[in-house]
Amino acid sequence: MNSIESRLKDLGIVLPDAPKPVASYVPAVKTGNLLVVSGQLAFEDGVLASTGSVPASTSVEAAITAARRCAINGLAVARSSLGGDLGRIRRVVRLGVFVQCEAGFDAQPLVANGASDLMVEVFGEIGRHARAAVGVSALPLDAPVEIDFTFEVD
Amino acid sequence: MNSIESRLKDLGIVLPDAPKPVASYVPAVKTGNLLVVSGQLAFEDGVLASTGSVPASTSVEAAITAARRCAINGLAVARSSLGGDLGRIRRVVRLGVFVQCEAGFDAQPLVANGASDLMVEVFGEIGRHARAAVGVSALPLDAPVEIDFTFEVD
Amino acid sequence: MNSIESRLKDLGIVLPDAPKPVASYVPAVKTGNLLVVSGQLAFEDGVLASTGSVPASTSVEAAITAARRCAINGLAVARSSLGGDLGRIRRVVRLGVFVQCEAGFDAQPLVANGASDLMVEVFGEIGRHARAAVGVSALPLDAPVEIDFTFEVD
């Protein structure tokens, strides 16, 4: 068991099976030393624990949890794309965080930290990444958070 | 005529002339083996066939058509940037899809498929890409869809 | 003083100190020859000159100014990440521009030009970049504009 898998175990994080490719787009594409992961929703056992915009329908706390789950799902995709070996990740490069929220909500960074903190918990120093976090009016399946990922890999 | 041009012909797709560089930004930038294409709207002969948000002002079907047109325009830009040779595309890496929609609309993936399916029709297996699709409250020129593209090229 | 610093001086642009890394994300990550800069707000001496959506709370003119400031802050981050030497930038590759606006506002490109024009003023031909500009319903700290940056560097 490599050190990242060991770290996941210590954190009590079980990565789900990566989603199967659907239709014309795929969960991730590797180009050169970059692994580009599609926007992830916070599916857990096939369902979204929360839906609707922040903060009226989804609390900030629930949105942070959803962001963390998006990150776990992003790691599941990455692992599957890297032949099962997350140790091939050299650096978490960037997270693009979209929070479904009402006008006037301005704590997108707080929500995004749910994903950012997970990356650092798992990867340590190489988990620190660039990030853009914005608020949007609607997301697929009424999800409160969608996050895409760019990793540097070997 | 290379195989991609031949495929476009079979599909009855005529790529327009690529838009001219406007002001301080340009239609595409090549960096290393990546071709980064600016956000494309669904212009056809200089006009947008549909405007306004989905689904009230633009139907889902019209938005799918617009997404397909964004993809055609993205290919026109790519071809122009690659000296006229789409055969230099090794992989469609990523589509960033922004759908102008009302709060509560959650079928952005369905709209985005208009572009994703086009990529696979044209490029086959190397057309399969990573994707993020989100809903936004407003887009340039009241367009219903904007899509940016990243290609791996030689 | 290299030519870019000289150009900044001629333009009367003083880059601020780059923001310190906060929490789990960082201002920029270098991967290969790409420098990926986090979403920047229009902070000036620690405050946002304008807040709220365009055009009701923030005028288009103020939003253009904010976009220009986001670009200055992006350059400050880049300089700090490149050991103080903006001359290491070979090309401005891409700007991702998010404008907080009301539904129906469709002049995001005009706002984004505040940043795009700055890049060309500073870098000349290599400042011309790919761009996506969209309207969103909410941004961190109620900022009117957020912009992320990708540079090609040596």
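To keep things simple, chains are lettered A, B and C as they appear, and every chain counts its residues starting from 1.
The rule is short, and it goes like this: a residue touches a chain if its C-beta (ideal position, glycine included) is under 8 Å from a C-beta of that chain, and two chains touch if they have at least 3 such contacts.
Note that the structure is predicted; figures quoted are calculated from it, not measured.
Shown here, the protein chains touch in all possible pairs.
Of all residue numbers used where chain B meets chain C, under half belong to both copies. The two sides are thus made of different residues. Distance from the chain B centre to the chain C centre is 25 Å, each centre being the mean of its Cα atoms.
The set of chain B residues that touch two or more partner chains comprises 32, 136-137. Against chain B, in their complex, chain A makes its touches with residues 21, 23-29, 31-32, 36-39, 53, 96, 98, 100, 136-143, 146, 148.
The touching residues of chain A, counted against chain C in their complex, run 32-34, 91-95, 99, 101-109, 112-113, 116-117, 119-120, 127-137, 150, 152.
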